[in-house]
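Chain nomenclature is as follows: A, B, C and D, assigned in order of appearance, with residue numbering initiated at 1 for each chain independently.
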Amino acid sequence: MTAAVLEIAGLDIVVDGGRGPTPLVEDVGFSIPAGAAFGLVGESGCGKSITALAVMGLLRTPLRRTRGRIALAGRDIASADAAELRRLRGREVAMIFQEPMTALNPLQTVGRQIAEMFVLHEGARWRDAEDRAVEALRSVRVAAPERRVRDYPHQLSGGMRQRVMIAIALACKPKLLVADEPTTALDVTVQAEIVELMSDLCAARGTAILMISHDLGLVARMCREIAVMYAGRIVEQAAAADLLSHPRHPYTHGLIGALPRLGARAVRGRARLAEITGVVPAPTDRLAGCRFHPRCGRATGHCHTDAPPSKARQEGGIVRCHHDG
Amino acid sequence: MRAMSTSNTSLAGLAFARRSMPPLRWVLVGLVTLCAVVALVSPGRAQTTPRTGGVLRMTAPYGSTLTSLDIHTTPRAQDGIVAKVLHRSLYAWDSAKNVPVLELAKSVSVSTDGLVHTFKLRDDAYFHNGRKMTADDLIWTYTRLMDGTKGFPGARFVRLIKGAVDVEKGQAKEIAGLRKIDDLTLEMTITDKVNPGFYFIDDVTAILPREVVESGEMLTKPVGLGPFKFVEHVPGSRLVATRWEKFYKPGKPYLDKVVVLIMGEAAARDAAFRSKEIDLSILGPAQYVAYQADPALKDGIIDVAEFFTRTMGMNPAFKPFADKRVRQAINHAIDADLIIKRLVKDKAVRASAWLPAGLDGFDAAMKPYAFDPEKAKKLLADAGFPNGFEFEWTTSQNESWGLPIVEAVIPMLAKVGITLKPKLIEAAVLSETITKGDFQAYIWSNSSGPDPVASLKRFHSATPHTAGNYVDFKNPAYDKLVDEAAAATDAAVRTEKLRAANAILYDEAPVWFFNYNKAVMAYQPWVKGLQRNATELTHQYPEDLWVEATSPAQ
Amino acid sequence: MLRLILARLLAMIPTIAGVALIIFVLFSVIPGSFASALMDDGRGAMDPEVAARMRAALGLDDPLIVRFGRYMRQLMTGDLGTSFRTGEPVARLVGQRIGASLELALAAMGFAMLIGIPLGFYAALRPGSLVDTLAMIGAVSGLSLPKFWLGLMLMYLFAVHLQWLPSFGYGGWRHLVLPALALGVSPLALLARTTRASVLDVINADFVRTARSKGMSETRVVTWHVARNALLLVLTTVGLQFGALMGQAVVVEKLFSWPGLGNLLVESVFQRDIPAVQGSILVLVLFFLVINMLVDIAYVLIDPRIAVQAS
Amino acid sequence: MAGRANLWIGGGLVAVAVAAALFAPWIATHDPVLDANLMLSEEPPGRAFWFGTDTQGRDIWSRVVHGARISLTVGLVSQAMNTIIGTVLGVTAGYWGGWWDDVVSAFTNILLAIPSLIFALAIMAVLGPGLGSLLIALGLTNWTFTARIARAQALALKSQGYVQAARVMGYGDLAIMMRELLPNMAGPLIVIATLGIGGAILSEAALSFLGLGIRPPYPSWGSMLSDARDNIRVVPWLAAFPGLAIFLTVLGLNLLGDGLRDLLDPQSRSRQP
């Protein structure tokens, strides 16, 4: 695993507002080897989706990267010009979004929206591109793709739309797929299908995955390595098995405790974690010290004043907690 | 100076200036008028002989449409502009002499009792469809106007002919007083000993060809006897007419084409005139001042005191106005000269009484009511209103005889204790309101000519309210004088009776005498041959108009 | 589609009948009459007998209900009645004006769309920029000006001072420019604002983010994905403005002596030519309804989501 | 944020106009009607007459200040009528539905189809010029948009839990509409009303231009502007000041409406009248 598909180091992202910039993501860093699946977990508002957008180079005002390095296949996207960045997107790295309802253009056929990829990145002619769109749909296991390409998004079910999204994302065989909560909006039964589909396709093509979710169970099933984010920072990162079996950070503990029992319905986004009282603090009133201390049972004096440094975990990986161990 | 000696003495401005001992202002007005006359008739300026050819762009300023192309159906000034282009009546107006003259007849002979008029018609008058006019056309036209089921406005003129009323009532098919002697000779018997010229001059009595009217074509492609024949009408925009080759006046018309542009908005006319898109424009008070002050425009202004008298009618049924002293007090309390000077910008002539300058019976020596608030207060006190009273003044929006005048009067009457409440209504409603008598006071502009007898008859007690005696004036001495004037055969006697009647009106003051209209028209320097038509300045006989080659119109 | 059009056409009938009823009642109680309007310039007293005959000849003496019945019967046969003023069929009078009206409305709307929509786009793509700020200040200002005032200023500037264009009248395209500008400014301002708001809505939509994640250039994102969706939202404004434009045109038509329906209508009101007033209003209403129908059809053609509901 | 600037600038302009209206008798230096001196007509702006005098010799400053009363009355009262009619019809139609909804919708469609300026013109012609007529003409013709929004809001709100709850608790329809529906749709309605006031002031000017305006002698800005149009080249201040008053006040109302929209009704950026 020498060449990492994605390498992030020391990433800071702020939002500009009336009272100056507010940090949303601080000192985030991780790397994903080629073909690997990496999970980024945390509650809503912890900065994981923004990190994903940064990876895509899609931060738009008022969001802004102030520090840090993002390298895609060894290429620093900060130094890439707009045209290069566009070539990277779609070709090297693709993304699937949370809401399949709104992520597709309602006024265009799904076929055309897939075909666009071939036109954009491979210089295909529209007619050929549309033929290939049928194949792409077939590859995401859509029945009767010849007919489906002519459908509009509103004519498809949620699961179908997410399959279309996957078809679009994987159309040009990118090296990395960023999946931001790809199943959250779907029924539980469909969720499993989609996850399975993604895993299978990526494995077959050697595409790495950056899986972003609040659902630790889902991520754990898919990914080899997991990072847990809280309030803009990675608080713990380790191999999936280690993290689940030996969580070091009290927040990770809480997440594991909140994992649904078998057969229970997955809760969406903002639903409060049963094991942890309180909510994620708003970015504007970020506290000094450890961000998690108001909700942490173990918090002591210096948790209120000093930000915990990143420490190596015994089992490998890192953790940010004064009380590690 | 040569021009002065040749200029006509009956021109209103000059007549006015000569007969009175004029204040400086009138002298100036007279001079300005003279200058205009000089400019028009002086041979020293530019071309002398009329140029044939060219286009004249006139404006129809009284609204944004023509009423109808069937001229018999509309008495409005707006349509009269077009009527002069396309049509002709038995008589026409001589603007230089201020009298009606024969137009479609070469001569007329009158019986000794003055009731039978025998017209020798023109043998060279052709309708635009090529057909020659005959006596039948006149008979048919006048008979049509008496169709009682239609209500033609011209009926009130034709009713002068004996037997016309029977046709109107459906009791006869033909007008008994009209007899065709031969194709070009018409005998007309009338009921009153009056000059029929004042009756058969109006555009609503224009002679129309029966076949065109009956085919319905008159509404879209009017045909007449006028100097120009119809080319196109873009409703709401313009009417175009081209020279009628068989017009009966030799060498006329001079113009190839006349375009009548329908432009009701004064501000728009101003812009169009300044950018030389129109050749003639009628001016309101504000623009009159602006044009006089503009060196580029001040030489292109023609004005004439028209036969329109502007007054505030007072309803005698409203108690204070029943008293002559109150009516006189109002005449004294309003500084009409000031209003005319400052608000109307001298675009009017102060009225002394009803008859306007230029008409027989007008007395230049008669001084208008003096502005005298103290006298007004005293008169009011004598009449039993020492603390004044309140009344409602019904008015339209008109800038020369409507709201602005009323607004200017408010503070003046307030000074003598009279509270005045303006009541603004539309012009169309104003005429109805006045006709119905549903007012305490109104302000309006009424035609007060060209026939002085008819003009004074308005206040005859036999004239019904609806027919013009809006202030229900009743005065036996006045009635007698007017009747005598009508019957007078001697011109001097007639003038004397008219003056005396007019003096009664002055004294009785049934109205507040405000002013006689001074119509003002702006014309481009290349336009020649304009007539100072005191019946309505916009009613130019276009066969006499011509343009120099410098005109930009193609 | 044909069924949709048919259904919409049928739905117009009660609306038009309702409008006919309202304006009929309104104008049956209007003070003044055609006869009294004929003497509004004080040129001569109307003979009371003549005035009465005129009223009778015009059928104004019949009871209201009789007149309404007659009017509705006429309407049902497509007859708009006969003008008091000219004695011609109202349909002909209206027909003479409708071309000029359409010309003006199309020119004004074309101008508004040609400038307003790109301006709104441009402003939305650079929110907060100088162009955006100026455009929006201009748009609000354009909505805050009395139209006749604006028209008068245009007239003095372009016709009198610069002498580039004729100040009034009806003829070639040069005559059309100033009235179209005067009439087009407020729809332009509204369109610029609406477009800007719509583009801002769309540009933050998820599918636009998807498009960007596909590696599309910003130009392509806008032309392939933003434009059509944003214009869909603008379409309603275009339809409503266009439909209302001929009504708003009365002021501009009067100022510029433009021979349109609005001018006919206003003049007919003042001259109490009631059949012409009713006819013009009905035609304006019909125009409004047809434009709205066309907008609805455009929606069906552009937005596949609606087609499903319709079928 | 631009919305805040809109709110402040717009609010400021409107506040100035309202203050002028409220304190007119104290701010005005002359009587707007009776202090007329024809000898001092068309005086240019100067020390004695800040905005000059009009053709009647009346102080334009005083007339503009007093004109604020008439113009704002026209705007406020007619828009209040529109808001009340539109809200009552819209809310009841949306809440009750059924035949009443059909009737209201049909009626709204009919009125929507008649161009409002023309409808107002017709009403003015019938009632005759004057303030009362103008209020009726403008107050009866511009409620369709309000009604549509109110109806849509009522439809959306009536299925909300708290409305259902109120119904279960036995509140009457009127109480529910007043207590539950109205407060929750006030935002958009206030925005529409704010913009409508400006529209009414402009309509008054247009009607004055067409010759059917307000009854004198009290001045409205629209009638002052319209009356001054023939004089514009010679006496520009006659038109300039009432014109400016209309422009700034309507601009203020439009900005205020935009600002309020951002504040009260953030989702409806694209929904514009």
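To be clear about the criterion, a contact is a pair of C-beta atoms (placed from the backbone, for glycine too) under 8 Å apart; a residue touches a chain by one contact, two chains touch by 3 or more.
Note that the structure is a prediction, hence the values are computed from the model and not measured.
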Centrality ranking, top chain (CA atoms only): C
Of B-C and A-C, whichever chain pair has more C-beta contact pairs: B-C
Chain whose Cα centroid lies at the greatest distance from that of subunit C: A
Rounded Å distance, subunit B centre to subunit C centre (Cα mean): 39
Distance between the centres, which are taken as Cα means, of subunit B and subunit A, whole angstrom: 89
Computed distance of Cα centres, subunit C from subunit A, in Å: 52
Sites on subunit D at which at least two other chains make contact: 125, 128, 211, 229, 232-233
Residues of subunit C touching at least two other chains: 31, 152, 156, 254-255, 266, 270
Per-residue overlap in subunit A, given as positions that touch at least 2 other chains: none
All pairs of touching chains, each written as two labels joined by a dash: A-C, B-C, B-D, C-D
Complex interface listing, subunit C residues touching subunit D: 14-16, 18-19, 22-23, 26-27, 29-31, 128, 133, 136, 140-141, 143-149, 152, 156, 190, 193-194, 197-198, 200-201, 233, 237, 244, 246-248, 250-251, 254-255, 262, 265-266, 269-270, 277, 281, 284-285, 288-289
Residue ranges of subunit B in contact with subunit C within the complex: 62-65, 67-70, 73-78, 148-153, 155-156, 168, 219-220, 234-238, 261-265, 267-268, 271-272, 274-275, 277, 308, 396, 401, 425-433, 435, 444-447, 458, 464, 466-468, 536
Residues of subunit A touching subunit C in the complex: 56, 58, 82-83, 85-91, 94-95, 97, 99, 102-108, 116-117, 120-121, 152, 154-155, 165, 168
Residues of subunit C touching subunit A in the complex: 205-207, 209-217, 220, 224-225, 228-229, 232, 302-305, 308
Interface residues, subunit D side, partner subunit C - complex: 2, 106-107, 109-110, 113-118, 121-123, 125-126, 128, 198, 202, 205-206, 209-211, 222, 225-226, 229, 232-233, 239, 243, 246-248, 250-251, 254-255, 258, 269-270, 272
